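Input: one structure, supplied below.
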Amino acid sequence: MSFHPHTSSFNGVQGAGALDVSLGPQHPSTHGVFRMNVRMEGETITKLQPVFGYLHRNHEKIAEANSWLGSMPYTDRLDYICPITNNWAYARAVEQLAGIEVPERAEYIRVIVGELTRLQNHTVFLGFILADMGAWGSALMYAFREREKILDLFEWLTGARMMVNYMRFGGVRCDLPVGWLEKARAYVETYPAFLDEMERLLTGNEILLARLQGVGILSGERAINGGLSGPVLRASGVDYDIRKVDAYGVYPRLSFRIPRGTVGDCYDRFMIRLLEARESIRILQQAFAQIPAGPTLNPAVKQRGFKPPAGEAYGRIEGPKGELGFHLISQGGEKPYRYHVRPPSLINLTLLEEMCLGTKIADVMVILGSIDIVLGEVDR
Amino acid sequence: MTALTPEFVLARIQAALPEARVELVPNPSPSGQHALVVDRRDALQVAQFLKNDPELLLDYATNVSGVDYADHLEAVYHLFSIAKRQGPITLKTRTGDRAKDVTVPSLTPVWKSADFQEREAFDLFGIRFEGHPDLRRLLMWEEFADHPLRKDYIAPDDYEYEPTPHGAIVAKSQAHFSSVAHPASSPNA
Amino acid sequence: MNLPGSGILKGMAVTAVNFIGSFFDRAHAKRLITEQYPEERPILVETSRSFPFLVFDGDPEKGIRCTACKICEKECPPQCISIVKAKDANGKPILRPQIFDIDISVCMGCQICVEVCPFESIRMDNIYEVSAYDRFGTLVLHKDQLLKSNEYYRQIHPTEAAQTDARIEAVRVKKAAAKAASAKAAAAKAAAAQAAQTQPEPAA
């Protein structure tokens, strides 16, 4: 540890001093309790160290003490903006570990709720990045208004707005209520109009362009080496979407495109969310048209006292924030021997320093906002 | 995704690096993700090869996790290839034991993505990654002494008083606070 | 090339439309309007859940469905349930809880207890005003606070309650049928035995 922010101060040389600042943990633009130790020359960043652990609760240790099913509600609390995709990733990892088949209808329901989650995550992102740039208000409120409508759908389906606890090994907990599908379909129909409104509000705005374009540029090669995933990786021009690559669930039957950035700056990371939201709408419309009748849970799987065979598996899905994976080791017992989460929010921060070096202090918040993290997942 | 079998990867490694000690450990689970356990002395060399070999191009190390077994610790890497859309390949390195000889080479110089995750494994398991550019605790604080995810970790019992209906927990909490006479032991004081 | 500032003006037009529109869209159809909470109560959807409660049929003492099997206590992820089996006068355990406590300051409303219960006796409530002044006493709910009638359950979750009632009825009918069948079989057996007893007579 050579970097002590509380001991260093100005060098005393006029105009050429280094200043160490602790950004966060209590700051609205740090999306929770995230801290960065920053060294600046003037306003230019010369060193940046993220500090983690303020929200650490040893999720993995808790899971080792719980039954396999008992960890499902805890996954809701990882990335609390998108609990359903967390459920999905865990269910998929367990299904790989135990070799469980999922009924077709359940796969379609998973795609529908998963893509709705992606929609609301990207919508909230649009609001938050504006807040990071200092535009508290309109954009964030419009985004939350739309998210509220999706959360209403989730509440109707699962009983809770955010802590859904919806997926089960080999399916989903309950079938769609009568009338849910029609309501969801009608709602998704209105969504492009909202995205158009957001685009009119934001994408032409000169201040926004000045704040985003050319800031925090990241090459595709570095992004791959740094393990970045999801929209952040694709914004750097890498064509890698796990929905296409792993072709899990019923995604091979749905046609959609993978938007990619060209520059890899904050503007690309911003635009890619808008484009992905539009692709999600396409996926949803196809899924609404194709969803078959049938069972929603594999009856052969015993949820209580579930004991997968001994062995290990790494299962992953394309979450709204990136690759969400679970590494599970079973020794044939009622509890996992090892339960590890691969959190996209944490690993997407690997290259934060590289992106921030040489930029101004005000850009750090925008770059952090463009990565889209949730601290519940970073610190676990 | 193209199926990339660990047997094929093992054959490639043995052809290129005949002196490297790599072993295929089968995984009985239906997932079929068999692991390649590489001797820690050769790990860095093998990792370099896996990343650069034109047949494999495993350029994307997504997941790193530590595992505590009865007699050793293990670092597990899940490797994918974005260039060739292959994977996953499970690569493991093992420490000598759990107490003194807990060093494995860091693969962060090969895959930057291992940076935070190796720090996490060091923090929670106490695996020392040799050659890591900045090996500090990630989630726990610097002064914290133990490694919480080890199986023999003893959880502290100085948690806040709670009237949890479970007798054992209440007894444990009361025992702790009666011995240290902490002010929190009398909740309504 | 756009005129400088035109992007901002376009954005301002959007906010203006939303601002003015909020005065004319009283039906809340497009623009959600903040609920004035204590005066205006939210209408909860049927599936909405908060904390568990215990269902009884008819009489809260006799009609309690819980048999103190402790499955929910074991499965509860945050370990917030505590059950002690009741004992009769001779000290023999009976299938009823003596103590059934749920610490709702720990409960996370995941509804796993509901799913694992084989006796349909624990269900999710939809109460939401449970704040209390005393954290240590009031938030541990005891058996008498947890017991709620099946009529209440039918009222808050009609669809789910109807399904539960149907399942219980099916089990009851099946049991009754099995009982009748076994009684019939016993009668037939007795008759056969009697016949067998009477049969040797002619041979004698």
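We just call them A, B and C in the order they show up, numbering each chain from 1.
Heads up, the rule we're going with is that a residue touches a chain if its C-beta (ideal position, glycine included) is under 8 Å from a C-beta of that chain, and two chains touch if they have at least 3 such contacts.
It should be emphasised that the depicted structure is a prediction, and the values quoted were computed from it without experimental measurement.
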| item | value |
| --- | --- |
| Farthest chain relative to chain A (centres taken as mean CA coordinates) | C |
| Between A-C and A-B, the pair joined by more C-beta contacts | A-B |
| Identity of the most central chain, Cα criterion | A |
| Separation of chain B from chain C, taking each centre as the mean of its C-alpha atoms, in whole Å | 41 |
| Where chain A and chain B are represented by their mean Cα positions, the distance between them in whole Å | 23 |
| Length of the line joining the C-alpha centres of chain A and chain C, rounded to whole Å | 32 |
| Contacting residues of chain A [partner chain B, same complex] | 1, 52-53, 56, 58, 60-61, 64, 96-99, 222, 224-229, 238, 240, 245-247, 308-316, 323, 325, 327, 329-330, 338, 340, 342, 346-347, 349-351, 379-380 |
| Contact set on chain C toward chain A in their complex | 2, 4-8, 10-11, 13-15, 18, 31-32, 45-49, 71, 75-77, 108-112, 115-116, 124, 159 |
| Residues on chain B engaged by chain A in the complex (per definition of touch) | 1, 27-31, 33, 35, 59-63, 65, 67-68, 76, 78, 82, 85, 88, 90, 111-117, 124, 136-142, 148-149, 153 |
| Complex interface listing, chain A residues touching chain C | 66-67, 69-74, 138, 142, 145, 148-149, 152, 155-160, 163, 165, 173, 177, 197, 200-209, 303-304 |
